[in-house]
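Paired with chain B in one complex and with chain C in the other, chain A is shared by the two complexes that follow.
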Partner chain A sequence: MTVLHRVETDLAEADTATAAPRHSPLEHRGAEFERATALGPRGVRLREEPFLTQLNLRVPPDDAVSEAVAEALDLTPPAANKVSGDEGRALLWLGPDEWLLVAEEERARGALRAVRSAQQDASGSSVDVSANRTTLRLAGPAAREVLEKVCSLDLHPRAFSVGDCAQTLLGRTVAVLWQVGPDPEYRVLVRCSFAEYLADLLLDAMAEFLEG
Partner chain B sequence: MLLIRCPWCGDRDEVEFRYGGQADVAYPTDPHELDDAEWGNFLFVRANPMGALTERWVHTAGCRRWFSVVRDTATNEMTPDIPRRRESR
Partner chain C sequence: MMSSSNPNRLNASVRSGRIDRTRVVNCTVDGTTVQGRPGDTLASALLASGTIEVGSSVHRGRPRGILTADCTEPNALVQRLDGCPEPMLAATEIELYEGLEARTLSGVGWLSGERDTARYDKKFVHSDVVVVGAGPAGMAASLAAARSGARVILIDQHRELGGMLLDGQSHISGHPATEWVGRAARELAENQNVRVLTRSAVLGCYDHNYLLVAERRTDHLPTSSGAATRQRLWHVRTGQLVLATGAHERPLVFADNDRPGVMLASAVRSYLNRHAVLPGRNAVVFTTSDSAYTTALDLLSSGARVPAIVDTRPDPPARLVEQARAAGAQVYPGAAVVATEGAPRISAVRIRGLDTGGALNGSPVDVSCDLLAVCGGWNPAVQLFAQSGGTVRWDPVVAGFVPLNTGGRSTRVVGAARGTYDLAGCLAQGFAAGAEAATVAGFRIAPPPVPQVDGDRPGARPRPVWAVPDESRPPEACTDHFVDLQRDATVADIHAATETGMRSVQHVKRYTTISTGVEQGKNSGVNAIGVLAETLAANSPGEVGTTTFRPPYTPVPIALFAGRTHGSLYDPVRTTPMHSRHEQAGAVFEDVGQWKRPRYYPRSGEDMHSAVLRECAAARTGVAIQDVSTLGRIEVVGSDAPTFLDRVYTNGFANLPVGRARYGMMCGADGMVLDDGVSMRLAEDRYLMSTTTGGAAKVLDWLEEWLQTEWPELDVYCTSVTEQWAAVAVVGPDSRTVVGRLAPDLDVSAESFGFMRFRETVLGNGTPARVARVSFSGELAFEINVAGWYGRALWDAAMAAGADLDITPYGTETMHVLRAEKGFVIVGQDTDGTVTPLDLGMDWAVSRRKDFIGKRSLSRPEMLREDRKQLVGLLPVDTDTLLPEGAHLVEPDASRRPPVPMLGHVTSSYHSAALGRTFALGLVSRGQERVGEVLRSPVDGSDIEVEITTPVLYDPEGVRRDGPAQG
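Presenting the complex of A and B:
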């Protein structure tokens, strides 16, 4: 990896106050998600968490640069298939030289600039991919059962728990799966154009838990 | 369904992968030296053993990394091609 990519797309730094109103892929389905919420000991609920800032970082593995990049973000380098940080600002491991910063907008300001100054002239890249995916949040005692219907990974706590992440197939689409809470609670990052499909799939999987 | 071990992500369903064919097929030092038959051999002719074959796979639906495994073509049993593991990003 010797090519230096510096794509100057910089959504995270944009002045959103003057920008046109944004639309998330699932904004029109909020009421439907609400109606699909199942309560009780076998409950599960789904909602969209739109507009999280996502930066795709390619950093050389086992290298001073990766340490510097993590430090610039005030986070620790994530171990393989793990997440470091908290859900408001986290580094997800996507590959041996690839991380994804996922953060609330307010907590991502200046992140791209900080990463780039840490990368300096080292090989790698940092690209704002916030518009690439939206985030679904699936929570409740039955959340794991719902996911298991569409995912072939072993999601039992002995194999997958809080702070773990995985890129895998959910139904027919690729997604980044991240367990954020023990209840259990998951974030699912999915390409915008597949968000409707995945929402349909999850709503269908949730239907049996709805009473009546 | 085969369970394939990605060196980075662990055991995953076969559907998450794409096949990359025989590993270690060297590009000709000077392609212009080759006649059509030799060039055709390089492009299309691959080993077809009943037994161990070193192959390339890519974890398309996961980490998107290429890696090599040794697969027994008779039993589909796979073992990692350890020495190549870390260079195969």
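Presenting the complex of A and C:
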């Protein structure tokens, strides 16, 4: 039988001399994002950060297992609604037994293999979801005000700040919201089929700052 | 000096007002130009111009005038004509802007047929303390709370903070109160933890201090102000709430109390002090309490005459009587206005004594006037308090309904909203409540000291009079004693309601329509309760009680609730990675849930019928390709995954070998078909389940529900991976050639790549792929899955690999025809929640050995009935006739007199290229027994003869599945 799981991100890399072009859901909207950039003290800008490696990890609430999984990734287990690690490689807490590894591709090599090895004799799962979502980056002094138009969470710095994350609704789509910088600066991870909608929604919410 | 266009504008030396005298604002009312100043409302500009009369009354056509200066206005309702026309706006609430065009209304406006292009949006914010109302109490509460460092939001309906302080001439710490307001406003503006929302009305106050706030952002600007948000709906959640919503003055009910020139005493003050407008020069004041004396004094100091102050109380406070007399007003204690004259504006009132029992006495005194300022007492604005669950009680001392508890765990009521009308009391309560609220919210602070307030003391007890007796008529004939001016409802109407036997205020409200207008009882409600209490001989209005206070507090456009959720933002449109290719190919799309899927790809000149025939022919005779990326995908992982799938699918999955795929069917607990799809076993402990396009989210919820609530002991985890995969189905006798070219490393021969097997490989273009031999058409077919970001490249590669074979993209319509020819059902089209797998003839997919969700239901007597509807094929006897989907099927000799026994109905119906005729699928009672029978389908008055067949109409032997023999 053919080797299974070669289609998963870090197992495919060995033989990926891919000639085929990869396309992210919002690659055709870069110029539009550029035009929508508002500068100044009420500025805000949006861009896509495509192709981040993402692994959905289900880790039973067992300290030994969760620590082993985190250790395999050279990260610490994230606390509820928190992120451990940095922008280049991070574990996001999505639920009591669910984490999301988000990493730049070059810092994700071998991650799936490492996690599966740590999970080998324990319950849990690890699934490559790198192409399941794309990432939008919303930044600038007015970024929080933009999100406040489409998100019912409390995003005030006292309630949500750098290193915090949440799965929530933005308008009518589910997204993972992650504050990565104090400006503020957010990453918004969204299912690819909803990416156009979310981009439309955020651009619409940003328009007021462009006019000002 | 009074300008000619504003004859009633007071000279700045008399009243500066909060207007900009350097600029003129022009607007049009009923086609006539009206001039005002920035800072005017439409009502104050009309009054400044000498106009008090507005539209006549709705039912009786009686002349009416501006009554109030706030949101309680029942008369001065206008239709805004500029911009998108908007009905029933209170002129007292419209800030004047250049180009405003309005038409006065007689109680009824109209909705425009024009599209409202204004922008409405929403904002979601959270706070530690929210203060509603920026009068003295609310500003004090905000200051105290804000100084603690807590997050504070202060919300007020008006353009400026200050509330009643802007209507009067009070002093705080020896300076005009407006200076205190200015300092406080600056302090709040400079505190970055404070958000001040002006021109903002709290519409609703819900559980757990959840507020909806409507902010009018551009309504005060000319309509050409562009793309800015016109109104914004704020969703506010707060830990602590301080309601400083103030009070509304009540009018008085007496004969002909609706004449233009009758105005609330507080409104007269507001026009004098806020707008520097003198609404009349010869004013009678008719009051039940102290507050109107201040109006009389303000009128006198503005140069008006006040020939009479009529006070229902026999013993008004001596100091007030002294002050009034000294300023030139005559006080009539223990008296009432019993009638008015005027044509139409008031020109005289008749005054008579009112004895302690409420009866008229003494001889009438007629006094001429052009303004009658009335004060029937004050209603604390308890609407939001009551909406949030608070109870109100009647307080005879303040003569109003007040909150039963003013200091709840998280809601505090301060100032006039709880019947405290003196400034010092309002400030003290505000400071205390603000500090307490912040402290409870975790920001400890002591209340600031209350500043010295001059010449202010609590008022004497009022003497409310709910309806001044008529000089000659009994109450039931008081048809000109108006209680609700907008609804033209009178004391006589309330009597008529009680005559029919009604006692409840709720019934009387609906019978008389009192309080159902735009003011929603703010103006008319308590007077109606008072009149009803007297009619029913109740001891107090408290015995009658109030009607229910419901959101919205003030009227708002419905568009505000839609916000941006319309047009392209109404609902997400989900697209696949290949979407641009479908667009380029000219696909016609169909909505499947939120997805856009190509329905068919018409070539030039083709309609759907001919395009689908062509696409079907390609799939059956050559090669065709469909984007199937929208199918739901769920990875099911864990040592108990085989057990779990065995339980959720009707057929077995534990025994599925790794590397193979199997069609599975799911039932609900009721045994009815829920969803279906093919699942692949990726590893011993890992399956990739596929669901229908529309069922993906529902199935994941279903799986999670069973895992979390029934079988938490199972080691199984489900992860949605729908968008992780882009997939194409390559279908047809030539599909093997195309897939062989796409995946050169893959042996695609029938011998080594069997049906329902899958392989992982790397395509010729370097893309890792999972290829499965599955077929939803009966033809040789492959499904190629790649990571979503390679979807477009996969599509392009497949189109290139099949170019010489005329590879044909096909849509959902062709897919439907192909699968129906093979008798494959579509869940949701051929099933409707009442169909079991057995009804579909899919016994082969229902395990007898293992248990599964729905199994027990399948053995219930109802499920075993022999006359259940079963899936059949349907062939119209006339091979060109297309049965409508949903058409009924009846016995040929059935009587056509209703009720006609219905044997079944058509679920799917198509033209078939392969069969060269039309065909259909349907559900028919005892269908499997009826094969060969001819039934009738009554359609549009005539019958279509239909032969019942087995559902598999094409290639019943299944020989096409493995493709043409290889040579």
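One rule holds for everything that comes next: the second predicted complex is superposed on the first by the 191 of 212 C-alpha atoms of A that agree within 3 Å, B and C clash if a C-alpha of one lies under 4 Å from a C-alpha of the other, contacts with A are read in each partner's own complex, and residues count from 1 in each chain.
Here, a residue touches a chain if its C-beta (ideal position, glycine included) is under 8 Å from a C-beta of that chain, and two chains touch if they have at least 3 such contacts.
Only a predicted model underlies this, so the values are computations on that prediction, with no experimental measurement involved.
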item	value
Which superposed partner A:Ala80 touches (first chain B, second chain C, both, neither)	first
Touching partner for A:Gly95 - first (chain B), second (chain C), both, neither	first
Partner chain in contact with A:Gln167 - chain B first, chain C second, else both or neither	first
Partner chain in contact with A:Ser152 - chain B first, chain C second, else both or neither	both
Touched partner set for A:Leu201, first chain B, second chain C, both or neither	second
Comparing the two partners chain B and chain C, which touches a greater set of residues in chain A	C
Residues on chain A lying within both footprints (that of chain B and that of chain C)	1, 152-153
Residues of chain B touching chain A in the complex	8-10, 12-13, 15-16, 61-65, 86, 89
Chain A to chain C touching residues, read off their complex	1-7, 9, 12, 15-25, 28, 50-51, 56, 58, 123-133, 148-149, 151-154, 156, 158-159, 171-173, 191-194, 196-198, 200-201, 204-205, 207-208, 211
Residues of chain A that touch chain B when the two form their complex	1, 80-81, 94-98, 152-153, 166-169, 174
Residue numbers on chain C that touch chain A, as the complex places them	121-126, 151, 226-229, 235, 237, 564-565, 568-569, 571-577, 580, 594-595, 635, 637-639, 658-659, 682-683, 715, 717, 719-726, 759-763, 765-770, 785-794, 797
